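The structure under discussion is supplied below as structure tokens; questions concerning it will follow.
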């Protein structure tokens, strides 16, 4: 009996100590983790816009995130955009509800601070507070709007679509006329040497500078990638074959309206990325136009 | 540590007396030669060079590894030649010449001699070589297909310029673009059957001619070097399962096309029947063949590759010891209480 | 076994050579096959294992007199799990890129047989400093094994070392695939055996 | 003895399948029996009774979209109705992305003159098939040993003899199903709601030990014969990383109860298959003249490498 008590006490004490240790480490690291994650994503976004360490972003560049929710009220489904608005010095968020035909339905002020907005659970509770109970909502996606001074510089769209093996996670930067500024592959598990080559500059840089008109009809060609174009695509890194300015311009204009050259032996992965990007831009263009018209008609003081 | 007698291969009980391993092996080599000669006319002279390099490097690796491991050098028995031939037969005709050399090291040294040498390899060495090449040079191994030569210009593809003419295999077209794309490229269905049966289609070096492979295989069966079980079970399963699952709806697949358009004949007669890596008894053989067929169809229809014969045989190889254990030949006077 | 009489240096070298956790004890093989694709992965996971091993060894050596023999194994498990959690949290927070690369394997350190074994065989019978050095040896041994495999695979698979282009081309993509990990480990183990054979022969002759 | 055990296992599996069948056919509207994808660009709606032809054939009565994009409607180019008027087939202009669940809205369904209200229908891939694909995926296609490279220490340790291998495999399957289900439960209802997920490693390893202990005790009491056969392997189970990897994967992917069951069952059976194949091959290899420096573990690793090479054939496979 005495032994059992000794064992129990010993175990309890060690469990408590372990829990204390883990708990305190968690509290310390959690903040740092979130901060680092934020910094990393920020860096990836700025990199897509062409700002690197050697060429830092101007101080008046602002990134605003808007979140899209699908709201269900019985049979009626509407879209809810959680938008950053200008209000005093701190700013705030509003939920703008739009029906499926693009007509304005309602708007609510949300009780959430910009610091907490990146947490899904905080957003959910803020929205829950304004929507009446039979309505349910699910998070759908988010878009980041980069604003330079008073003018929209670019949209950053995170996206995910099926590749050859599993999902391909990308981040796409497009300018206000929906021309592609850059494409970054965030995560993929394609075959090494084949589909995984989508991560190479000579593939993903092909998407750069494709116009909206082109991207709507873009396709994949199985012709081999011309050598000069490959060089051009890889120069962006700044270490191989720096090309003279004139050559760069002629190559750019020559290949700007060409289809995407498929990776050798990985046509399916190439096709998957191309279609994925195409769909992302098509859907986004459709939505942002509707949203913008609602914003201007309702005079919503959006931050972006 | 005494060395085991290597040449009396104990795992091949179906060998008739008076037939030496060597004689069988060289007969198999002879049966494999006609498809090679035809492939020169289909894909050009470089197929012969690739095959020769493959055979020579396999024999060389065999000799070197036997020397290194202090075993008797047995390159004259023809088994390394067969491995070399088969490995060349299942690589595309447009690959660089040095590719088979690396495959030979994997096939002969790792898959055969490390596991104990002739008669003990668990996996078919030629197929291991191919799987290794596939993993190492995915681009070359999945895209160096050449369109068949129709005008007898067998020097056409020698030298460079292969990239520009590379084409897609029928199975690739079927998998990713459907049968209409196939017809567009190769003509009407009846023309396709005729061409594919004789061998005028893109594909691996030695797999295209169903006709010649069938003749070779039937001769081996006639000479009782192999039995009908594995080839029949495998081809029938591929045909049947493709018919059931291969179409848009059930029972609308095209079994004939499936059997003719990949490496089914080569695999069925010359690879799945390999003495060492296949079961030796009737029922087990049927199950083995059916398993290979089923896996082939599974990989073709649902997998990441257009063709699955190579991996299907490799996947069934390690089940051989278990299959042989389950389907032992029936004893004539079973003892009571045995088991 | 009484408390060890080995010097600190012997303890460390024992972990790296004689009792190398990967090639000699053949424990914790999963990471050796799964994520030994690059040298960097080897170093990172090696550091994680080193920390877990050292901390756990020291903890157990510190409290060895207070552990009831009946709950020895649960105590070990709890100790290891706690330290793995700590390392996991720290890596996730401060080295997100490397952490992502190693995936689930950091968390799986908890099931590495090598750590439990060292606690059972060594730390529960020895002083804190000896356990510390033994933990260092084992961790370094593990790291050395991972780095060796990673070196071969990175060089042959990608033609780079630590991310720097060495060969300028990719010789055999096969080595990037985890299937190659099996071959590398197998062949390196055989090489270790061969060296032992030669060493013993020399000693005799 | 053994046969009895097998029978129970079969019975259980049958029971589970029946439950799925009952659960899988839940209608979302009382008048709609079933919805399904067909071909590449069609969706079929089966009604409980005949619907009015004029209603059914009117394209504007239907809207369809992918679930995450309700505002972007897919273009319906044609609707056809079967002869018994119970089955409507919507034909779309573009191919559908079947990985995405779709939502079809049928407004004011009209049957024999009566209006039956509007139905919002979720169209998704066959759920049973999805579960089955998780099982087969974990068992063969993404076999934990040959394609995910986990559980190797135990794998090489006990694959020398077929009988040990099978014993270990069965014990392992039992324990992994028990512990994974418990872990899933605790994670879903305790760790996640209270934001304690950083404790997952400690909790999961604790649950594994607990279930090993539980299986030990139960077997000892209920079936001493079975305990004699499998008891020795119980200790080894904890040293197998698969057993801790599965709960971690379940937690990461937010699987539900059925999916978790399938994944853990598949992981266990996959380990059993891998062990069985490896042990039968290694038994045969004992006769072979393996080079002396390779004898034992090194050759086992080379063999496992050859296995992994052939399992590459499954890469990129998706069954449903």
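Note that the chains are named A, B, C and D in the order they appear, and that numbering of residues resets to 1 at the start of each chain.
Just so we're on the same page, contacts are C-beta pairs under 8 Å (C-beta built on N, C-alpha and C of every residue); 3 or more make two chains touch, one makes a residue touch a chain.
None of these values were measured; they are calculated from a predicted model.
Legend note: the chain whose CA centroid lies nearest the centroid of all displayed protein CA atoms is D.
Should one ask which of A-C and B-C has more C-beta pairs in contact, the pair is A-C. Averaged C-alpha coordinates give centres for chain A and chain C that are 38 Å from one another. Chain B and chain C have Cα centroids lying 41 Å from one another.
Remark: chain B and chain D have CA centroids separated by 34 Å (rounded to whole angstrom). The residues of chain D that reach two or more other chains are 198-199, 202, 291-292, 294, 299, 302, 309, 311-312, 315-316, listed in rising order. In chain B, 110, 132, 135, 138, 304 are the positions where the chain touches two or more neighbouring chains simultaneously. In chain A, 18, 22, 26, 164-165, 191, 193 are the positions where the chain touches two or more neighbouring chains simultaneously. Taken as a graph of touching chains, this assembly is complete, with every chain in contact with every other.
Chain B makes touch with chain A in their complex at residues 138-139, 142-143, 163-164, 176, 304. By the touch criterion given at the top, residues 172-174, 177, 179, 183 of chain C touch chain B in their complex. By the touch criterion stated above, chain D contacts chain C in their complex at residues 147-153, 156, 198-202, 205-206, 209, 238-241, 243-245, 248-249, 291-294, 297-302, 304-305, 308-309, 311-312. Every residue of chain A that touches chain B in the complex is listed here, in rising order: 164-165, 191, 193-194, 224, 264-265, 267-268.
The residues of chain D lying in touch with chain A in their complex are 68-73, 97, 99, 103, 105, 118, 120, 198-199, 202, 315-316.
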